[in-house]
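Heads up, the next two complexes both have chain A, just with different partners, chain B and then chain C.
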Partner chain A sequence: MENSNRKRQSLFTRLMNPKYVMVYATIAIFLIIYIFGAIQYGDKGFTSLRTLVISMFTENAYYGISAVGMTMVLITGGIDLSVGAVSSLTGMIIAYGTARLGIHPLVCLLFAFVIGIGLGAIMGAGIQFLNVPPFIMTLTGMFLTRGCCSLISRESIEIQSDLIDALANFKIYIMWWNSDGEWAKIKPVCYINFNLILFIIMIIVGTILLQKTRFGRNVYAVGGNEQSAKLMGLPVARTKILVYAFNGFCSVLAGFAYTIYVKSGWNLALSGGELEVITCAVIGGTLMTGGVGYMVGTLFGVLLKSAIPALITFNGNLLSWWGKIATGALLLLFIFIQRIVVLYSARKKQK
Partner chain B sequence: MSDEIILEMKQIEMQFPAVKALDKVDFTLRRGEVHSLLGENGAGKSTLIKCLTGVNHKTGGQIILEGQEISPTNPQHAMELGISTVFQEINLCPNLTVAENIFIGRQPMKHGQINWKEINRRADELMARFHLDIDVTRPLSMFSTAIQQMVSIARAVDVQAKILILDEPTSSLDDNEVKLLFDVMRELKASGMGIIFITHFLDQIYEISDRMTILRNGHLVGAYGINELTKVELVTEMIGKDIDVIFNLKRAEVGEKDPNMLEADHIGVPGKVEDISLDIKKGELLGFAGLLGSGRTETAEMLFGAEKISKGEIRLNGQKVNFRQPHDAIMKKVAFCPEDRKRDGIIGDLSIRENIALAVQARRGFMRPMSRQEQDELADKYIKALGIKTPSAEKKIAELSGGNQQKVILARWMATQPDVLILDEPTRGIDVGAKAEIQRLMLEMCGDGVSVVFISSELDEIIRCSNRIVIMRDGKKVAEVDGATCTQQDILNIIAEGAKAAEEVEA
Partner chain C sequence: MKTKKFNWSQITRSKITWAIVAEILILLVCFIIRPDFFSISIQPSTGVLYGSLIDIVNRSAEITIIAMGMTLVIALGGTDLSVGALVAVSGAMALKLMRWDVLEYNTPGDYTVYPFFLVLLLPLVTCTLMGLFNGLLIAKGGMQPFIATLILMVSGRGIAQILTNGKQFTTMYSPFRMIGQGNLGPIPMPIVIMVVICILMGIFVRKTAFGTFVESVGVNRSASRLSGISSDKVILIVYALTGLLAGIAGLIYSSRIMSNDSNNAGINYEMDAILAVVIGGTAMTGGKFSLVGTFVGSLIIRTIVTFVYYFGIVSEATMAFKALIIAVVIVLQSEPVREYFAKRSEARAARKSA
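Right, the complex of A and B next:
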């Protein structure tokens, strides 16, 4: 037994555990694209910290925040199509509340949380107790929520709020000692904003939830084999409902981040956003059949997905639609990798 | 084994809406014994276990665990009471690590967080107790079924179980793995745990058990010490003696010169059935005997293309055939009536006419639909010929009695005018009169030159109808006997003793 203990203590063997293979695939493909970009457009500034932090991270932070919740839903073997609409509704509530009713934005946000989490819990309960497929249940949620957005207003509402302005303008500049020996902003200017901080915090929260709590482990168990999880005495119903509720929470938070980013509410905002979010999670190595997925993967999934538009921007000659095509190709590649991994491990077991 | 009784189930009754699955069954388990629970499928073993583990709720009787009456409400509750179950299918999560599968739901915590180090350390200890040297941080899916089975036992045992129920744990294990499992069982037994062991491998029962309880049709047959019954007596008790209908049936007449219709040459599917060779002459009735799970159905499915053979070959009329799917077999005039007619045979919402026309239509292909008139004629012909009791051919088949449903399925395949007809338990669950009629129909078909393969658990009807009888045991063909000369006792001996006895009969 000592022998196997020693085996495990080695960091290398621990990292070589096959359960991480999907995450490694994500990181590897991201590195390949990044290095390609560096070689092609390095002189134009592709490798600058600004490109990495602002173009790839910050501008996609709201997708990332939502992807944290989506990753969890996908791990249970479910899906949630309502996230884009819920984010949009959050923006509408904040915009309408502050601009038309004069309510403090935080009160509006609180209200949005109640709605988002409540809707998530209701959808989770429907999936669990009425046995409605997640796709159908959350599609219903999506239409309902999107309809409510238009009910509030069919026009874009601009937000004028000191708090939102302050959060939008909040920037931590990245500084360094320049060649003159002075403490100065790096060039090109690069900063970390509120949304990025929120995203990073949510990734950490998600990781802790998934890896360090019983709830998180139950999420994996439900996704691995729901019937078994039930027979092992795990609280399957509670876990599933909580996962959808947590996803509702993430959607609202993502909507808040998006609202800060655009400083307005629009009933058609983030149409199709749910698909972007699912893409981030899937190319981050989360198995759509459930049971496998890591927050670190999702973090790289967001990076990988945003690296493509960045590349196209740097090229300058390509139409932005190429971004969609490249994303589609990437998604396909990942689904292939997933199938191959599953088939390979099945074959290995037979031997 | 001590004499201290750990579990007592008294006069357990289980009434489902339509059937009484258990009728006043008693069962006692002592501390530190392995107690086998025996009976054919449907005898009530599973129901008894489900009452004990809280999956079903008994409708009568008492369960007394260590002197206190209990009534488990669900498996989780039963587990808390100290009753753990390991099922045949592995109920673990393949995506989680070995260690986590053992501890999920009751992970040791430290500062409000899961203490992974402790989980892995304790899992290592447990696995060492089971003599397994594996890395418990690897996902469960990477390990063989045997190891997964051990892990589920480890999980069951580690929750301070007083009683461990093993429901067919050995059916997917090879000999070495079974030995490993038995070692573990002996250790658990020595530590004072009571083990209920369910299996259909008779040898294993005699190897590991201290006592056994036999059920039949929801009734208790008896509880015996392992040395009180021989294997033959055991099999007799399990199957029971059916009411013998004296019915004047004449065996099909087959001469030595009649050509072989179907030949199977060393066919097999790994893990299910091995190396079966058999042949059926034109117009012959070949019986398949053996306990449930002995590979009878799998063999039939191989002949029909429902189970893909991985070795050997099948010849029809002397020509090699390759059935990749049932449709191929249907096209070559091979027909198959499956065992579970409710699940695989009838289509409940369709009428009798449609159910009969189904197979004929399937063979013609959808490009040549049968006219309504053709269907009506076909249905009327067989309703009359088989004596199907129904007011009209348009009645839904689900509304017929079991015996009449079986006749409709028989009609479906007779209508295709097959050369080979395989019938898997065609007489199960139907009354005695209908049984005799089905037997008569089979033999009539033989007279018309159809080769019939007849699978049944009831030895008397196999002996009464078959020209030759193939005896299966543990996925192997162990003997082939002549239907006219053998007795029920001969077959029981062969089933109980396996290959050894088979040699004697042949000699």
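Right, the complex of A and C next:
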């Protein structure tokens, strides 16, 4: 009895740790926006499960998948601008491979993985061994990848593949007891598709990698203070290269999800996607200086970022451009909260 | 004692040298493939200089102008991602002022609703204020430059679209056309504007103490504050200046197409400008900077683009070429490689003296 009580208390104190404040802020602001939407547009269906699952989770699943890798890169104190281009290249490879060369999409995907992970590892190595700033290194990677996309084809290629079709049509409908006492699809119809499952799996994988493995602790250590990590004998070079390689993996997976979503490959797809992904991670409480960040935060970052366009769609009168401005304002707000948290904890430490 | 002795190792270690070598190499390749690449002639009908080289310099004007400000920003150890969005804002605002009555008279013509000086002044003031906003967030808010400027980068295009209600205006107002398509004597106007700005910037940073202040703040902000430099003021001025320059680039861009294109105006300009600065030898970590290097870097970027256009390669593939050349320059400029060269030349010198 006493034992379990102590355990619960320790869990509570653990959850109250100030390092989670940013994550709580993200969740709180998401809830505020959600409740605002519920009050304002509840009668139009803002609160329905469909809006939550489809327009907030599913339609942004590819950004979310990519944000998992980006969160890790940001925690090491780096940045990766190549993710949008790598995702786009994945789509191009799958589209060109299946439509023009008749290769099985899974083989194409495997090839894309090799390229994505390889490019990530090369960029990581360049950042580590040549001392090139991550910004410039990954910018070069982005230009190279985008250029390659255009070299493959300038027009968008439609994908006709049974596997891609099957994955795109894969839907688990959410059922509920209806008034007659039998299982039926809830209305409005809401379903969970392949991308959403992939997104959730990646968030779980990311959380386990970051919180439960030695690799994850190395990532935090490198981001917290690279010099100390090196002095402690941690494998800094290996960790950094692995992080960028993992991010490459995530970008390819995100590209795959996007390809399933649009069923075509386009050389300019997801341009600017890297900044969307970074925004998701930052809104989710990841510090750009490195060392702080959680996958749960990123999950809510994606939700929060997609809640704004949903609100604007429900309003119906506003130009969709307001979404961009609102995202900018949200970023501003979050950075201010971050500053306050950092200042506050610094003052606490001084005491 | 310093003599005018030709110091080989100093030259190989200088980052600008590599940038200039790269530019010359690309131009040589162009020349070998197309011998008429270097020919410059005067177009008889307008009396304007005409040729590939002129075209390269002309088209590089926007990036060069922005990169001048970006050099100072990077010398401060920051980045400014918002310049591309500011280009869009400036263009949208200028067109809005010229075509305010677009609903009543929807045919573009040689007229402006607001006086021309306002058409030029207001966008520039707006962009300067937006730059100042970036500076305030960084200097007073203590934010990371990347994130602080990301805010305007994300929302800037939204602001530009809302200014024009998401519409694309066109105009045929001739004084406005002068900015991007006109000429001063035989020289195209963008080149004139670019050269004037480069010279003014050069005077501003090298003939006043401002350049030294920037380098000092870039190396160590708190140390320079303790030594009596108002770091915050330096940061504010630099970001506001970059905003102003982005505004000028926006006017040139929209004057070239005589329209506002908030989706595509200035897209990837921030990336190109940062690349120009880095190729030009200014380190992302802050400190020493070189405006001449930036100028060369911007020319390199534009030369690659022109190169690709000229030889019939799909234009979007430009990026791959850019990446390859930038990769080479980056590797040559990276610390380990330069140290290796420095060691080798030292070893050679030691062998000679021994």
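In the analysis below, the second predicted complex is superposed on the first by the 341 of 351 C-alpha atoms of A that agree within 3 Å, B and C clash if a C-alpha of one lies under 4 Å from a C-alpha of the other, contacts with A are read in each partner's own complex, and residues count from 1 in each chain.
As a convention for this text, contacts are C-beta pairs under 8 Å (C-beta built on N, C-alpha and C of every residue); 3 or more make two chains touch, one makes a residue touch a chain.
Everything numeric in this text was worked out from a predicted model, so none of it was measured.
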{"item": "Partner chain in contact with A:292 - chain B first, chain C second, else both or neither", "value": "first"}
{"item": "Partner chain(s) touched by A:223 [first = chain B, second = chain C, both, neither]", "value": "first"}
{"item": "A:233 touches, of chain B and chain C: first, second, both or neither?", "value": "first"}
{"item": "Broader residue contact with chain A after superposition on the shared chain, chain B or chain C", "value": "C"}
{"item": "Which of chain B and chain C A:214 touches, first, second, both or neither", "value": "first"}
{"item": "Which superposed partner A:183 touches (first chain B, second chain C, both, neither)", "value": "neither"}
{"item": "Contacts of A:12 with chain B and chain C, given as first, second, both or neither", "value": "neither"}
{"item": "Complex interface listing, chain C residues touching chain A", "value": "79, 137, 141-144, 146-148, 150-159, 161-162, 165-166, 271, 274-275, 278, 284-285, 314, 316-324, 326-327, 330-331, 334-337"}
{"item": "Touching residues (chain side chain A, partner chain C) in the complex", "value": "79, 81, 126, 129-133, 135-137, 139-144, 146-151, 154, 267-268, 275, 278-279, 282, 288-289, 319, 321-329, 331-332, 335-336, 339"}
{"item": "For the chain A and chain B complex, residues of the former touching the latter", "value": "1, 3-5, 7-8, 14, 17-19, 208, 211-214, 217-218, 220-221, 223-225, 227-229, 231-234, 291-292, 345-346, 348-349"}
{"item": "Chain B - residues contacting chain A, complex", "value": "75-76, 79, 87, 90-97, 100, 104-105, 107, 113-114, 120, 124-125, 128, 133-139, 141-144, 155"}
